[in-house]
Amino acid sequence: MKFLSRTFLLAILGVTAMSMMKQKKTRIVFFGDSITQAGVGKTGFITKMQEMLQQKGTAAQYELMGAGIGGNKVYDLYLRMDDDVLAKNPDVVVIWVGVNDVWHKASSGTGTDADKFEKFYTAIIKKFQAKNIQLVLCTPSTIGEKTDYSNQQDGDLNNYSNIIRKLAKANNCKLIDLRTDFRDYNLKNNTENRESGILTTDRVHLNEKGNTFVAERMMEGLGLK
Amino acid sequence: MKFLSRTFLLAILGVTAMSMMKQKKTRIVFFGDSITQAGVGKTGFITKMQEMLQQKGTAAQYELMGAGIGGNKVYDLYLRMDDDVLAKNPDVVVIWVGVNDVWHKASSGTGTDADKFEKFYTAIIKKFQAKNIQLVLCTPSTIGEKTDYSNQQDGDLNNYSNIIRKLAKANNCKLIDLRTDFRDYNLKNNTENRESGILTTDRVHLNEKGNTFVAERMMEGLGLK
Amino acid sequence: MKFLSRTFLLAILGVTAMSMMKQKKTRIVFFGDSITQAGVGKTGFITKMQEMLQQKGTAAQYELMGAGIGGNKVYDLYLRMDDDVLAKNPDVVVIWVGVNDVWHKASSGTGTDADKFEKFYTAIIKKFQAKNIQLVLCTPSTIGEKTDYSNQQDGDLNNYSNIIRKLAKANNCKLIDLRTDFRDYNLKNNTENRESGILTTDRVHLNEKGNTFVAERMMEGLGLK
Amino acid sequence: MKFLSRTFLLAILGVTAMSMMKQKKTRIVFFGDSITQAGVGKTGFITKMQEMLQQKGTAAQYELMGAGIGGNKVYDLYLRMDDDVLAKNPDVVVIWVGVNDVWHKASSGTGTDADKFEKFYTAIIKKFQAKNIQLVLCTPSTIGEKTDYSNQQDGDLNNYSNIIRKLAKANNCKLIDLRTDFRDYNLKNNTENRESGILTTDRVHLNEKGNTFVAERMMEGLGLK
């Protein structure tokens, strides 16, 4: 709870209070790429959050919904936000995007320019905020878990994370800084400077430990802990 | 005039007639990338069209405006269409985009996926048509003028041109098929299979001959000839 | 047999004659990428060539050996030609490379510049010819089977094929022009302009029909038919 | 002098001593890309080293020669090492390459795979060492001077620098670790996290200060200080 800004907490509490009066659960939609898509799987981080809520006895107050599609970049989110998120009338939206915007530069030549990444991300924020939706932005965690900044996309991921941090601040959104969280975890636990196998299976997608780690970060970041 | 569809011609005439009653010129905005940006230069194709209209004595009926920005891809047009085109209240918009969507794959790793190209292009068409703006779509002319289909981006440019042809048909837009026009011209005039110097200075941007060639195609395609 | 140059035929016959005197089979090594690697599989084109030789009753005169490794570009061949080809003392080497040199530009940003492709290819030719090895060069067949030149890499594959044709001529090597052969076959048989499924499973690698087709072209090109 | 390994120092001294007996200067060839090519310019780092030698009064003992060509990657060095370096009969060769191997991935899709980078680099080392040439390897300095590891190619440059450090150790070559040197300098002097203008003009090529800085590092690394 300690990482939650007071404003954000009050906002969440307000939404929650309002929801309770209306007998309505706080609906949280996770909007992202393949990592989020896998989040609703049997051992995915969204499923784990649901289990954590049940253990805490607060499951009745929240409704968690996945809206992740593999390969998505920021403008894919932009193009489908009406159909896949707004149509669900969410109270809170967690946006987790950026890995493909960077990765596709090398893997298909169709990554996203940094300035366009910022423009489309801003357009998404503006549209959600116009509907009074609470936003939580996440930085892209990792493409490769080596800790000496020698993963091919480290520089670019750091750059796009800087953009997201700036946008969170400028637009009063909550930030869950998964890139920093993953790095801190790896600095302690990945002493052999391995590329994968710590929190990911394949440098990008979460293994069991990674799903638990993200679930915990999300619980904390969303003030659900 | 012979290439003009009857419907399109009537639409243009209708707009023109209406304009004349209102003492208003038909406003045509050229929306595109660096090629269009250069079109308003001293020897650019838009400037040449203006001169052609004066020679025909019809310059008073039309207002030609450039809205090209170097490096633009389809989603750049999407992001700035309100400010740069709709704000000008055009009667007709000529869209000429695609070279950078393909080229940036190799030159910066940030080209546009073919399916996203189609989605953003469609979104632009829908928004303009909702304002009753007449649309003229152009295929990307060339990145390299060799005629044996051995320019690096030929395959991709052909693919994106197919998408534009399909969109023109599906949305009842006029098509100016510059890719085919350039190829036909080069098959006759580029007998040494040179990369540039026929209609372009540098494989992409128009030389004097290229600007005249495009001006003529546009005059014909727009029914101004 | 009609496509065989007289000189090449005499050379092969000479080698064959010499081999027979020595009771030695003519050893033909196929040097290439994953397509060649798969060629020695149960239904691969090299296996099929072996079967064709048996049907003709000439199997005793030839020894066919595969030296293909998935993902190889021209400089991979250069780096391993001593160990993987020269060490086998071949009489004839069939070089089939180029798909990855082009493809890796988009798929990992590590394709081969056209001028370096030519330099390394030339270095391979020179080294083999210094050992009196007969060379047969093949153009890269296809990345996508669409016949309207709208496969993304068509322009580049045509360019690299032009380089190989030029090198074959300049160095008196036999050419098996698989790119032209595949295109001719598809123009007749791929009437729906499909991306794959005619001679390939996945736009690149050979299906059953493709292996038979390549085996026949190779038999003819090598004068074994 | 303190960074010089004893072995390397003795080797250089040996070469120098031998040279003096033969009345022959120690010939040092700088082998690299556009940064090295510019090194022989009026204010280039090689020119500055020459001036430093004159100030120290040791200019008569050394002959510094540039062998840099813009755009070169490791296999370009490999292809021209006979003509451009061995033909000069050098006593010492300073190899400084890597920026284009990484950069061309994004700028033209023709960067060098990490494993091929190591293979060609090793082949160069082996060939030079077979001629008893002393080798000094440099890590690639920078593509962008930001100090928070948010330059696009930082991860990849760190990876290729690790390879060069490993090769220097494995082959008993002297290492001048310019990547580390540049970073240390920027951490102190680039407090605004700027992309360029500290040691480079354009994120890559050296400005006046950068040329002096590299000249000093080279003097020290070569034991000429």
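As written, the chains take the letters A, B, C and D, and residue 1 is the first residue of each chain.
In this text, a residue touches a chain if its C-beta (ideal position, glycine included) is under 8 Å from a C-beta of that chain, and two chains touch if they have at least 3 such contacts.
All values reported here derive from a predicted model rather than from experimental measurement.
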Inquiry  = Under the document's definition of touching, what chains do subunit A and subunit B have as common neighbours?
reply    = C, D
Key: Classification of the subunit C:subunit D interface as same or different, half of numbers criterion   = same
Query = Which chain's centre, taken as the mean of its Cα atoms, is farthest from the centre of subunit D?
reply = B
Task = Report, in whole Å, the distance between the mean C-alpha point of subunit B and the mean C-alpha point of subunit D.
result = 48
Task = Averaged over CA atoms, how far is the centre of subunit C from the centre of subunit D? Could you give it in whole Å?
result = 40
Message = Taking the mean of the C-alpha atoms as each chain's centre, how many Å separate subunit A from subunit D?
response = 42
Query = Of all the residues in subunit B, which ones touch at least 2 other chains?
reply = 105-106, 108-109
Query = Which subunit D residues qualify as touching subunit A in the complex?
reply = 105-106, 109, 144, 148-159, 162
Ask   = Across the complex, what residues on subunit A touch subunit C?
value = 105-109
Query = Can you list the residues on subunit B that touch subunit A in the complex?
reply = 75-76, 79, 104-106, 108-113, 116, 119-120, 123
